[in-house]
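What follows is a single structure, and I will ask about it in a moment.
The letters A, B and C name the chains in turn, as written, and every chain counts its residues from 1.
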Amino acid sequence: MEKIKQNPLVKKVGFNRVVLCCVLILMYVLFCIASPNFVGLPRILSALNYAYFLGFLSLGVTFVIATGGIDFSIGPVMFCSALVSGYCLTSYGMPVGVSLIISIAVGLLFGIFNGYLVAYWSVPPFIVSMASMNIAKGVASVFTKTQSVSWPQGASDQGWFRKLVKIGNIPVGLFIFIAVAIICAMILNKTKAGRYILSLGSNKEAVRLSGVDVKKWEMLAYVICGILVGIAAIFFVGAYTTVQPGYGDQYNNEAIAGCVMGGTSMAGGLASIAGTVIGVFIIALLQEGILALGFTKDYQLIITGIIVIVAVYADVVARRRKN
Amino acid sequence: MNKKNNVLSKFNNQKFIVLLVVIALFIFFSIMSPNFRKYTTVLSILDYSYYIILMAIGVTFPLITGGVDLSIGTGLICYSLAGGYLIVHCGWPTWAGMLVSVLFGVLIGLLNGCLVSLMNLPPFLATLCTCMITRGLGSLCSKGFGIPWPTAGTEGSWFRNIFKITVGETKYPIGFIWMILLVIVMGFVLNHTKIGRYTIAIGSNKEAAMLSGINVKFYHTMAYVISGFFAGLAAIAYSAVFATVQPGSGAGFELEAIGGAIIGGVSASGGVGSISGSLIGVFVICLLKTGLPYIGLQANWQQIITGLVLIGAVLVDILKKKKAVK
Amino acid sequence: MGEVILTMKDIDKSFPGVHALDHVSFEVQKGEVHALMGENGAGKSTLMKVLTGIYTKDSGSIIFEGKEVEFHNAREAQDAGVVIVHQELNMLGHLTVAQNIFIGREFKKGIKIDDKKMNEEAKKLFDKLNIDIDPTETMSNLTVGKQQMCEIAKAISHDAKVIVFDEPSAALTEAEIQELFKIINDLRKQNLGIVYISHRMDEIKVITDRVTVMRDGTYVGTLITKDCTKDDIINMMVGRVIYEDPKSKSMVAPDAPVVLKVEHLNAGKMVQDVSFELRKGEILGFSGLMGAGRTETARAIFGADPKQSGKIYVNGKEVTINSPEDAVKCGIGYLSEDRKRYGIVVQKTVAENSTMAFLENFVKGLFIDKKAEKDIAQKYVDSLATKTPSVDQLVVNLSGGNQQKVVIAKWLVRDCDILIFDEPTRGIDVGAKNEIYKLMNKLAEEGKSIIMISSEMTEILRMSDRIVVMCEGKKTGEIGIEEAKQETIMNMATREIK
């Protein structure tokens, strides 16, 4: 074990991430063995479709958790974005491009709302999340008059946005997702914003006493999350057709699961985009696999819940040991 | 001389103000819509309030410790589905199904308590997970189908009479009497028994409570067990009022219960709260929920408004604290 | 007075790097009020914590009521009858007075807690002590003084035989202090043994029978209060041989301009009408005992805490400082006394911590210029002789002294002209201490102006050009290094201006 840890390549990538990659591959193999029809490209593409929007959600919530906060309104806000922009598209006849921008705008607005309350008013993040979650569901229902919204099919002349997800069998979405993930990693690791966001998650007062306006940067984390949620909505509707109001909660947990599994600490200050990406793939594959094995969505919920508990507990134990 | 201390009297003020808000809302909707003024509306408001009141009574305890229980909403659906399945598909007597519902609630409450108190997981995260888990479990118990608990008139439907009885032509909401009784009982528990006292102590200053020799781990866990127990009772109340219980529902119920509790005076940071306040706060939420359609607003506006009201209530709490420091 | 109830013999206790108690002996008699005095860090609190089981002693014995005892936690000590009334009260603010006093051992009538009986018993307790407090009042509504009395009542309700008061009068008004003394006198008549830790000479004179002085972890001596003078006590508190010579004269040019002027600063109880000046190239020592208000003053100047009134002038111009951001822009830097909580960002590296106060200077385009960051961090690692394998080392892995150097580097990177060092060498070994002293002198020579808050007398005398002394939120004295003597400073630090 120690020898593996000392291996230079392992050290560069990070031991945790190597373990996660192994888990991912192992899972895939196990699923293939358990269910022969799991093998092959269609399943992988299906899992990828799930991974895109979940991935953007996860990337977004990584920024928030890095500040030591939490946002579990991301699922419902994503749905709100998808529904509101979709309604604009189908009922108000707006062009697809504008709708996509509206989608991001809705996410952005919620991000500003959440961030402002947490950073400037010190409202506990879980209360803001709870309220936002329901406001998002309410807004979506009211806006679409509780109807579901169906985005145009790929074949139609408005369906070009689906090319963002895939063209034929080429997973375009994967490239876009990885590209955005790389941008997020650069923001988090190489920019002033990222430096402040991580630092304030670690030790807010020390950063404030260094002369930094911590409120601004804490709010920014939630704003970035909001934008990514808006983008997630685009990839959700790009992969699937109909969006129904009143849903979205399940994805909260899955997004957080991907994030925490990847090494981001709930206590703040420590975050890994690469870990989040691998974590998301694992969760997406898991959901796909559970369904493939004939189990229902219910098992997805239960298993994801258990995974998050285990991952966060592992984080709690690791932190206690460090102290 | 007024010997009553400031905090408590301000707190009683808040309850009083919220009660006024409840009355004001009722009057407002009555004026705006003649249909609102009917007896059937009052019945309806009460019917749909029982399960939220029960959740609110229970969740007040974790909230006072400075934590939260987000699993009560999907939890009650799960417990209802489990009990209902046994009644409808396995032929169990109704009382047995009810018992299972409540016990299931207690079990999940115990799980929450262990996660938060023994494993030191953040309460919102632990209960968010159990929220998901109970959602899945509930659906599994009912094999994905909605479960109708025995409808009025059929065998085994006596449990509906706990909440509403029909005498001749009129229906009487006796459930409300049970609610008042429970509020009195749980208010007593909170203020005059060790469990309640130590719950407040933990929320006030966990360190000091530990140093005083209180078994903090036990009492912290109990707060969540109580919350789970009442979620179980809420399951029964819900089943008694709704025709069918659908798996996958329940998300958002906790907002109404927690929102009601916070409006009624529970502090998000712990240490302060009352059961009667939670009751009154829940009525604000219920009135909004029922009344908004009468003034032409779609029911979903209630979600938006409840969310905003919750934020408002917490901001008031925060501003109060800021003023107190000065 | 007479019979000994408690003897602590040859108590020895060490922490990593610090010999906190060096064969200390201490004895308390029944019916006496025995003062325990000494500077910050003398070991008074440590000794009491060893007594009440919060710390375990390395060696020595404790004999209580004729039997050797060892308390493993506060609860055990409490059950045996040895109780501390702490400086920081451990109370449950949301519960009432009576509920606090009887927490954990409530009277019950079946399942119901008998609050009525608890209120009655609490009232009886208060009557016995002649305290006028309503047992049904919510704890957080009481003044700090009254809260303390509740804590005392709680201690006595445990059937205490020895009560230790740790700086009891620090938060009390005049009237409340008188009430406290009445209570202590009553307790004395009831034959309790009382330990009274305080730095207030006047009170010691009034209420105590004997005075024991500690210094640098050792027992210096015990005097009978009515037979000794304030100077006797002060001599015992400071009478050490200072191995490093105090600064002989101020290094500041007589015509040096005033870089920082603080006028009538008010920030709560701990900063009352504080005014002083800092000149260019000067090291201004801020002396005083714990709780004097020096840190609070520094934080108020730095904008870390809100202030009620006061003017601040930097280089002659009035400035508005409402946040650390404002202060830093004026060229003021602040090294807080709690390094781990307020100084370093634990998850970040030496390099990243070094630029935390001036990050905008290291941004090229959109990204942080990590090479420039590492270069400047390395520059200061070299010039400050910070011991670290590399600038990419996580700062939490460095030793205390080196962490401090990283924090200093942070402000040097920002090129602040005014630096406030709050306990700069606390928890740092001797070697690193000297390096930091050398550094501060170099900075002063280069024209930077330094305020140095320190509780170490030797440090104050060695480094300061001028010394400001504070006591309980007020500035009680100011003296140039040439005239300064330990006794004078201690005198000012224990003087209260009413």
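By definition in this document, a residue touches a chain if its C-beta (ideal position, glycine included) is under 8 Å from a C-beta of that chain, and two chains touch if they have at least 3 such contacts.
Please read these numbers as outputs of a predicted model, since none were measured by experiment.
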Greatest separation from chain B - chain, by CA centre: C
Dominant interface by contact count, named by its two chains: A-B
Chain B and chain C: spacing of chain centres that average the CA atoms, whole Å: 47
Length of the line joining the C-alpha centres of chain A and chain B, rounded to whole Å: 31
Complex contact set, residues of chain B against chain C: 3, 5-8, 188, 192-194, 197, 200-201, 203-205, 207-209, 211-214, 271-272
Chain A contact footprint on chain B (complex, rising order): 68, 70, 115, 119-122, 124-126, 128-133, 135-140, 144, 247, 251-252, 254-255, 258, 262, 268-269, 298, 300-308, 310-311, 314-315, 318
Chain A partner contacts - residues on chain C that touch it in the complex: 302, 304, 323-325, 327-329, 334, 336, 341-348, 352, 356-357, 359-360, 363, 366-368, 370, 410, 414
Contact set on chain A toward chain B in their complex: 70, 72, 117, 121-124, 126-135, 137-139, 141-142, 145-146, 245, 249-250, 252-253, 256, 266, 296-302, 304-306, 308-309, 312-313, 316
Footprint of chain B on chain C - complex, ascending: 74-75, 90-96, 99, 103-106, 108, 111-113, 115, 134, 136-138, 140-141
